[in-house]
Amino acid sequence: MDETLDLGFARVDIGRQSRQGLPEIVYGPGKQDAEITAIVTALIARNSGPILVTRVEATTAAAVRAAIPGGHYNAPARLLTWRKIGDIGHHIAVVTAGTSDGPVAAEASAVATALGMRVTEIRDVGVAGIHRLLAETDRLRDADTVIVIAGMEGALASVVGGLVEVPVIAVPTSVGYGAALEGVTALLAMLTSCAAGLTVVNIDSGFGAALAAYRLTRVSS
Amino acid sequence: MDETLDLGFARVDIGRQSRQGLPEIVYGPGKQDAEITAIVTALIARNSGPILVTRVEATTAAAVRAAIPGGHYNAPARLLTWRKIGDIGHHIAVVTAGTSDGPVAAEASAVATALGMRVTEIRDVGVAGIHRLLAETDRLRDADTVIVIAGMEGALASVVGGLVEVPVIAVPTSVGYGAALEGVTALLAMLTSCAAGLTVVNIDSGFGAALAAYRLTRVSS
Amino acid sequence: MDETLDLGFARVDIGRQSRQGLPEIVYGPGKQDAEITAIVTALIARNSGPILVTRVEATTAAAVRAAIPGGHYNAPARLLTWRKIGDIGHHIAVVTAGTSDGPVAAEASAVATALGMRVTEIRDVGVAGIHRLLAETDRLRDADTVIVIAGMEGALASVVGGLVEVPVIAVPTSVGYGAALEGVTALLAMLTSCAAGLTVVNIDSGFGAALAAYRLTRVSS
Amino acid sequence: MDETLDLGFARVDIGRQSRQGLPEIVYGPGKQDAEITAIVTALIARNSGPILVTRVEATTAAAVRAAIPGGHYNAPARLLTWRKIGDIGHHIAVVTAGTSDGPVAAEASAVATALGMRVTEIRDVGVAGIHRLLAETDRLRDADTVIVIAGMEGALASVVGGLVEVPVIAVPTSVGYGAALEGVTALLAMLTSCAAGLTVVNIDSGFGAALAAYRLTRVSS
Amino acid sequence: MDETLDLGFARVDIGRQSRQGLPEIVYGPGKQDAEITAIVTALIARNSGPILVTRVEATTAAAVRAAIPGGHYNAPARLLTWRKIGDIGHHIAVVTAGTSDGPVAAEASAVATALGMRVTEIRDVGVAGIHRLLAETDRLRDADTVIVIAGMEGALASVVGGLVEVPVIAVPTSVGYGAALEGVTALLAMLTSCAAGLTVVNIDSGFGAALAAYRLTRVSS
Amino acid sequence: MDETLDLGFARVDIGRQSRQGLPEIVYGPGKQDAEITAIVTALIARNSGPILVTRVEATTAAAVRAAIPGGHYNAPARLLTWRKIGDIGHHIAVVTAGTSDGPVAAEASAVATALGMRVTEIRDVGVAGIHRLLAETDRLRDADTVIVIAGMEGALASVVGGLVEVPVIAVPTSVGYGAALEGVTALLAMLTSCAAGLTVVNIDSGFGAALAAYRLTRVSS
Amino acid sequence: MDETLDLGFARVDIGRQSRQGLPEIVYGPGKQDAEITAIVTALIARNSGPILVTRVEATTAAAVRAAIPGGHYNAPARLLTWRKIGDIGHHIAVVTAGTSDGPVAAEASAVATALGMRVTEIRDVGVAGIHRLLAETDRLRDADTVIVIAGMEGALASVVGGLVEVPVIAVPTSVGYGAALEGVTALLAMLTSCAAGLTVVNIDSGFGAALAAYRLTRVSS
Amino acid sequence: MDETLDLGFARVDIGRQSRQGLPEIVYGPGKQDAEITAIVTALIARNSGPILVTRVEATTAAAVRAAIPGGHYNAPARLLTWRKIGDIGHHIAVVTAGTSDGPVAAEASAVATALGMRVTEIRDVGVAGIHRLLAETDRLRDADTVIVIAGMEGALASVVGGLVEVPVIAVPTSVGYGAALEGVTALLAMLTSCAAGLTVVNIDSGFGAALAAYRLTRVSS
C-alpha cells in the first residue's frame, strides 16, 4: 500500500490527509532529532497538508528547524509546525480554570490555530469565583466549540456545559495534589458531569481536544 | 428567575430550550411515577421543545403515558418521549462491537432520533473479525458523526477513529467480566486511544453520546 | 468507669453528653430491635440529652417506638429520636444538586433539627443550570453553615464555597453510575475543590455533616 | 465586573474580601517570581485585606519581598504574607501525630496566625503512645477548633474527635510508605472515622484546614 | 504420598496434623453437604486431631451433624467442630471496636476455643470513646496474644498496639460504608499503623487471626 | 541438592537446563558487576546451555564482558548473552503499535534470537491506520507465534488475534500518559480482548513474551 | 464479504474456521434462546467446524437442544456443543489450587475436549500443601500444555511454572474474599510471577485458556 | 506524665521500655542529625534498654556516632544501635525469594539481632525453583519464627506457611515492575494466602517483621 512510507524506524502515513482528511501528526517524545527530521522531510515531500510535531523540547525544535526550513516553533505549546492551514471559519474558545492549566491550553490553542481555527482564550475562570466565568458568558456563546481545561475537581466543565449549546470538550489536567491523583479525579469528574452531552479527552491532552474540534469541522452537513 | 419552576421535589428548568438551545431531559431513576408525571406536565405546558425521560422501566412508562397523552415509549432504549423533533439533517452512525452492547446503542439511537437526527445502526463489528468492520467503511464514511459503543477492551473506537474524519464519540460499556472492571477498562482504553481526536463519555451512557452529537448540530458555522 | 454501661452486646456511653458535650448517637444497622430498645432505654434512664438512632427501617422503628413511648420517626431520613433539643440559634442551609440526593439531605436535615438547629433546604440546584443556584444566593448567605450534598462530579460544593464565607461541609453521594464509582469521584472532587476551606465527610453521610455542624455550635468564642 | 483585575496571565479577585469576607489567597507553585509580584502588587493596591502566598520557596520569597516591602516569609511553612490580621479571638489547637508531619502543621499554623487566630501547637502525640495525647487533654479542650494532622493510618483524628466537642478538622499527610499510599490511606481512614462529626481536607493541606477554621469565625451567631 | 486422600472432588490432607502440627481446616463455602460429610468422615477416620469446618450455614451444619455424630455447631461463628483440643494454656483477648464487628469476633473466638486457647472477649471499645478501652487495660495486659477486630478506620489496632507488649494480630472488617471500601481502608490503615510490630490478616478473617495465634503456641522455646 | 550453587549472595540454578529444559536467565537490575560476573562464570563452568543476563546497562555489560570472554551485548535490548542457541526452527513475528514500543520489542527479539528462534519484526502498525497492519497480513500468517507489543489502549492485540490462528502473546507497554496509567490500561485491555485465546504477560516484559514463545517449542507433540 | 451472515441481531462469522483456522465460538450471556438457536442453525448449515456456545444455563441449553438435534450440554462447564473435533494429539493438564476453582476448570476442560485435546485434570493441589503438587510432577510433565487455575494469591502458577518446560497458561479465579479483590489479586500475582515465560488470561476464563491451548496446536512447525 | 521527655521537636517516650516492655525505636527519615543525636542522648540517659534508629544513611550515622560513643552502624540494614540486647533464646529464620529482597532482609536481621534474637538467613529460594526451598526444610523447621520476604507475586509465603507450624510473618517487598505495583501485588497476595494463619506487615518493612517477632518473645506462657 503506497500510502505508507517505511523509514525503518517508523511507518509514515503519507496518505492520511487525502485518505482520511486528517493531517498526520507526529508525537515527539521518544524520537531522536534525526528521526523527526526524516519523518517531517518525508511528509513535506509526499503530501501537501499541514505538519505538526507535538511535545517537542526547544533544543530538538532548533535542530529540526535548522535542517528543514519554514518551520515554526511555539515554545509554551511545545509545538513544531510546517504549512499551517488558513482560516477554515471555525471559532473555538479555550477556557481554563487556573493559571497552572496554561501549558495544556497553549497546546490546544496552538494546534487549533495550525489547523485553521480561530481561538479565543478565556483564562483563569475557575468556579470558586463564579462571577469571573459569568462575566465571559457572551464570549463563550460566540464560539462554535468550547474546550474546557481544568485540573483539581474539574468543575468548570459542568458549569460551562450548562451555559452553551455547542460542543464542549473537557480536558482534565494533572494540576493539583493529594486527592487530585495526577488528574484522575478531574477526569472522572468530567465524565460524570451533571451537564448533558459533554465529551472528555485524556489527561493533559490539549492536542486531543484540538483534534476533536477539528473533526467537527469535517462534518459535511 | 422565572425559567425555573419549583415543584417542591424538583426544580424544572422550563427555560433551557430557549435559553440554552438544548432540551431539558429528565433522568428517570429515583423518581416516582407521580413525580415524572408532574415534571412532564409542567414541561409540556411551559415550553415547546421535545421532552425526553431516560431509563424508564415499562411499568412507569405505562403509568405516565396513561396520565399524559401523546407519549411514546421505546422499550429497548427505556426512553419516554413527547414532541419529537423533525429531521434536522444530521446523520449519525451508531456502531457496536457486540450484541451485548445493544441496550446502550438502543438508548443512543432513540435519543438521537427523538432529537431529529437520522441514525444508521452498524452492529456487531468488533475488531476480532476486522473484515466485518471494513465491509462497512462506506456506510461509516457517510455519517456526519460516529458513535462507537464497545465494552471489554473497547478497541473498536481506535479503528473507527482511523477510518473516518468526522467526530467520533466513544461510549465504553460495562460488557465483559473480570479485568473489564465494569467498563472501567474500556473507558481508560478509549481515553488513551492511538487514534487522534476521539472523545469519550461515561460508561453505558448512550444518552450522553446522543446529546454530544446533538450539540454538534448547534454549531452555527 | 461509670460513664459506660455494659449491656453485654454493647457498651453504652451514657456519659458522653456530660463528658464531651455531644449526644450519644446509635448507628442502627446490624442491631436487632431488642438491642436498640435496650440501648435507648438505658440512655433515657441514665442521661438527659437527646437520643438519636440512625438508618432505622420502618418496621424496626415501629417495634422500638411500641416499646418506648415518646419516640419520633422520620421515615425519609430513617431517623428515630427521643428528647429533641430546642432551638440553639444556629441556622444551616442544606443544599442538594439533584433530586436523587434527597435521602442524604433528609438525614442531614432531620439530625440537625433534632439537635436544635434551624434548617433551610435548597434542593435541585446542580451547576449545569447555574442560574438556579445563583437565584438562591441570598438564602445561602443567610445561613450560619452550609451543607452541600452532591453526587456525580460534586461540582456544586466548589461553586457554593465561592459564594459564602461561612463553613461549607461537603457530602459526596453515591448518586450516578459508571465513572461516578459509587460516590468516590464526588468525594475526591470535593477534596480537591478549587474553593478554599471546604471540608468533606464520608459518602452519603448526611448524619456526619449534621454532627459536624453541631460541633460548630459548641465553640465558646 | 470590576471585582476582577485581568493581568493577562491571571485574573485577580480583588473583590473577594469585600464580597465574600474571605481573603484572596495566591497558590504559589507554577507561578514565576514576576507573576507573583504583579499579583501581590495589585492586591495591595486595590483591596485592604491580608495577602497570603502559599508554598513559596525561599528564593522566590526573597525576590518578591525585594520588590514589595513589608512582606513576611515563614520558611518552614513556605508562606509569604502582607497585612496580617490582628487577633480575632479564635483559638485553635494544631495537633500532629509525628515529627514528620511538621511541615504541614507549620503551614496550618502560619496561615491561621496570619488570619488572626491564636494557635497552640501540640506535636508528636501519635496514638501508639496514647498517654502522650491524654496528658494534653486540657490543652485540647481549651481550643475553639482542633486541627489534627497525621499520616500513616491517621488514627489520631478519631481519638481526638472523641475527646473534644468542638470542630475537628482532619488533615491526612503523605507521611509513611508502602500501604500508606502517599496519604490516601490516612485520607480514607479519617473519612470513615468512628468519631462522629469530623471533617477532612485534602492530603497535606495545612492551608485548607486553616481556611476551614477561619470560615468558622465568620459565623454571625 | 499417603498423607493425602483423594476423594475425587477434593484432596484431603490427612497427614497435616502429624506432619505440620496444624489441624486440617475445611473451608465450607462452595462445598455441598455430602462433600463436607465425606471430608469430615475421612478426617475422623484417618487422623486424630481436631476437625473444623468454617463458614457453614445452619442448614448445612444440621445435615452434616445428622450424618456424623459428635459435632458441635456455633451459629454466630458459623463453625462446625469435632474433637476440640483441651486447654493448651494460651490466653488470648479478642477485642472489637463496635457491635457490628461481632460475627468476625465470634469466628475468631470459636476457632481459638476449638484449638484449646482460653479467650477473653472485650467488645465495643472503639477509640472514639477512648476511656472504654483504657478501662480494660489490665484485662488486655493479661493476655498472651491480642486479636484486634475493627472496621471503618481500624484505629483501635494502633492504640492497643501501644498498650501491650505481646503479639497483636489485627483483623480489618468490612464494617462501614463509602470510603470504608468494604474493609480495604481498615486493612491499609492497620498495615501502616504507627504502633510497631503489629501484624495483619485478611479482611473479616477471624479464622486467620485465630490460626495465627495458634501458631504462636507451637513455638518450642 | 547439587543442582544449586550457593554463591552466598545468590543461589545459582545450574541444573535448570537439564532438569527443566529452560535456560537459567539472570535478571540484571540490583546486582553488582562482580556479582553478575560470578554468576555467569559459574553457569559457564557448570552447565552447557545459553546464558542470558537481562536489563543490563552498557557500563555493566562492558565490565562483565571484560572479565568473561565470548559475551555479546545488544544495547537496545540491554541483553548480555553467552552461548546463543542455534536455529531451532521456530519463527516468531514481533509486532509493535508505535515507535515508542521499540525497546520492549528489542528485548523480545534479542531474547528470542538468543534462544534459537527466527524473528520477523513488524513495527509501527498501530490500529489507527489499520491499512498498515492489513498490508502485513501475509507476514503475520507466516509466523509460528506472534508477539504483539502495544501501549496506550493496546488494541493491536485484538486485531492481530483475529487475523492469525497461532498463539498470540500480548505485551502491554508503559507507553502513553494520563489514563494510560503506566501500562495498566493496556494490560487490562489485552486481558479483556474480544479476540479469543490471547495470552498476556507483564507490562514491558519483552523478555517474558520471548520465554513464553520458547516454551511453545518445548512441546513434544 | 460473504463470510459474514447478518442475522439482524448478530453478524455470524461463518468463515472463521476456513479463514482463520479457529472455530467461531458463541458467548451465551445476554442472548435469548431463539437468538442462540438461530446462530447455531446458521453455523451448522454454512460451515463444517465445531460449534461451541459458552456460559449457557441449563434451561437455555434444553431449549436450544430441543430445536437443534445433535447437541451436547456439559452442565458443570455450562457448555453447549455440536460437532466435537476428534483427537488432535495434544495433551493438556488442567491443574487447580482448590475445589472452589472447579467450575473454571470444568469450562477449560470441556472446551479443550470439544476442540480435540486430551485432558488430564489434577485438582486441589494448592501450594499450602506442596507435597500434593510434587506428587503429581510426573503427570504434569506428561502434558504438552499446562493450564493452572487458582484464586486467592494464585501462587500455584509460579510453582508449576518452575516444574515444567512447556507452555503454562495461568487462569486467575475470583475465589477468595477481602483482599482477593474478586480475582484481581490472583491476576496481578500471576502476571508478576517469578517463574519465567508464564502467560495469563482473564479472571475466571477457562474458555480463554482452552482457546489459547488450541492456538498452540495450530503451529505448523 | 514523666515518661515523656519533650524536646520541642519531638516527644521522646523514655518510659516505653519499663511501661510496655518494648524498646523505643526511632524512625530516622525526616530527622536532622542533631535531632537524632538529641533523642538518642536522652534515651541513653533516661532508660536502660536498647536504642535503635532505623533507615539512617551512612553520613548521618557517622555524624551521630561521632557525637555519641558506643554506637554501631549496619550499613546494608541502615540501622544504628546502642546497647544491643543479649541472647534471649529465640531463633528466627529470615527467608528471601530473590537477591533483590536483600536490603529488607538485612533490616529484619539487624533489628532482630539487636533485640537479642538469633537469626538464620536463607536467601534466594523463590518458588520458581521449588527444590531450592525444599532443600532448606530442616533449617526452616528449626526456627521459632519464620520471616518470609518476597516481592513480585509473593508466593514464597504460602509455600513456607505450609511447611512449618510456627508463626510466619510475611513481608511484601517493592521488588518487581509493572503489575507488581510497587509491592501492592505481593501485599494483597500474602493477605489472601491459601496457607492458614500467616500474618503480614507493611511493604518493605523488615523492621516491622522483626518487631512482630520480638513481641512473640514477650508472651509469658
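By letter and in written order, the chains are A, B, C, D, E, F, G and H; residue numbering begins at 1 in each of them.
Everything that follows uses one rule, which is that a residue touches a chain if its C-beta (ideal position, glycine included) is under 8 Å from a C-beta of that chain, and two chains touch if they have at least 3 such contacts.
Small disclaimer: the values here were computed from a predicted structure and weren't measured.
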| item | value |
| --- | --- |
| Any chain that touches chain G and chain B | F |
| Partner chains shared by chain A and chain H (touch criterion as defined above) | D, F |
| Equivalent interface positions on chain A and chain D, same or different at half | different |
| Chain at maximum distance from chain H, centres defined as averaged CA atoms | B |
| For chain D paired with chain G, centre-to-centre distance based on mean C-alpha positions, whole Å | 57 |
| Whole-Å gap separating chain F and chain H, where each centre is the average of the chain's CA atoms | 36 |
| Gap in Å, rounded to a whole number, between the CA centres of chain F and chain D | 51 |
| Chain D, residues touching no fewer than two other chains | 98, 129, 162-163, 178-180, 184, 187, 191-192, 196, 202-203 |
| Those chain pairs that satisfy the touch definition | A-B, A-C, A-D, A-F, B-C, B-F, B-G, C-D, C-E, D-E, D-H, E-G, E-H, F-G, F-H, G-H |
| In the complex with chain A, residue positions of chain D that touch it | 1, 3-4, 9-11, 13, 16, 27, 29-31, 35, 172, 174, 183-184, 187, 202-205 |
| Residues of chain B touching chain A in the complex | 20-22, 25, 89-91, 144-145, 162-169, 187, 191-192, 196-203, 207-208, 210-212, 214-221 |
| Footprint of chain H on chain D - complex, ascending | 98-100, 102, 123-125, 129, 131-132, 135, 175, 177-180 |
| Contact footprint of chain H on chain G as seen in their complex | 97-98, 126-130, 134, 152-155, 158-159, 161-163, 176, 178-181, 184-186, 188-196 |
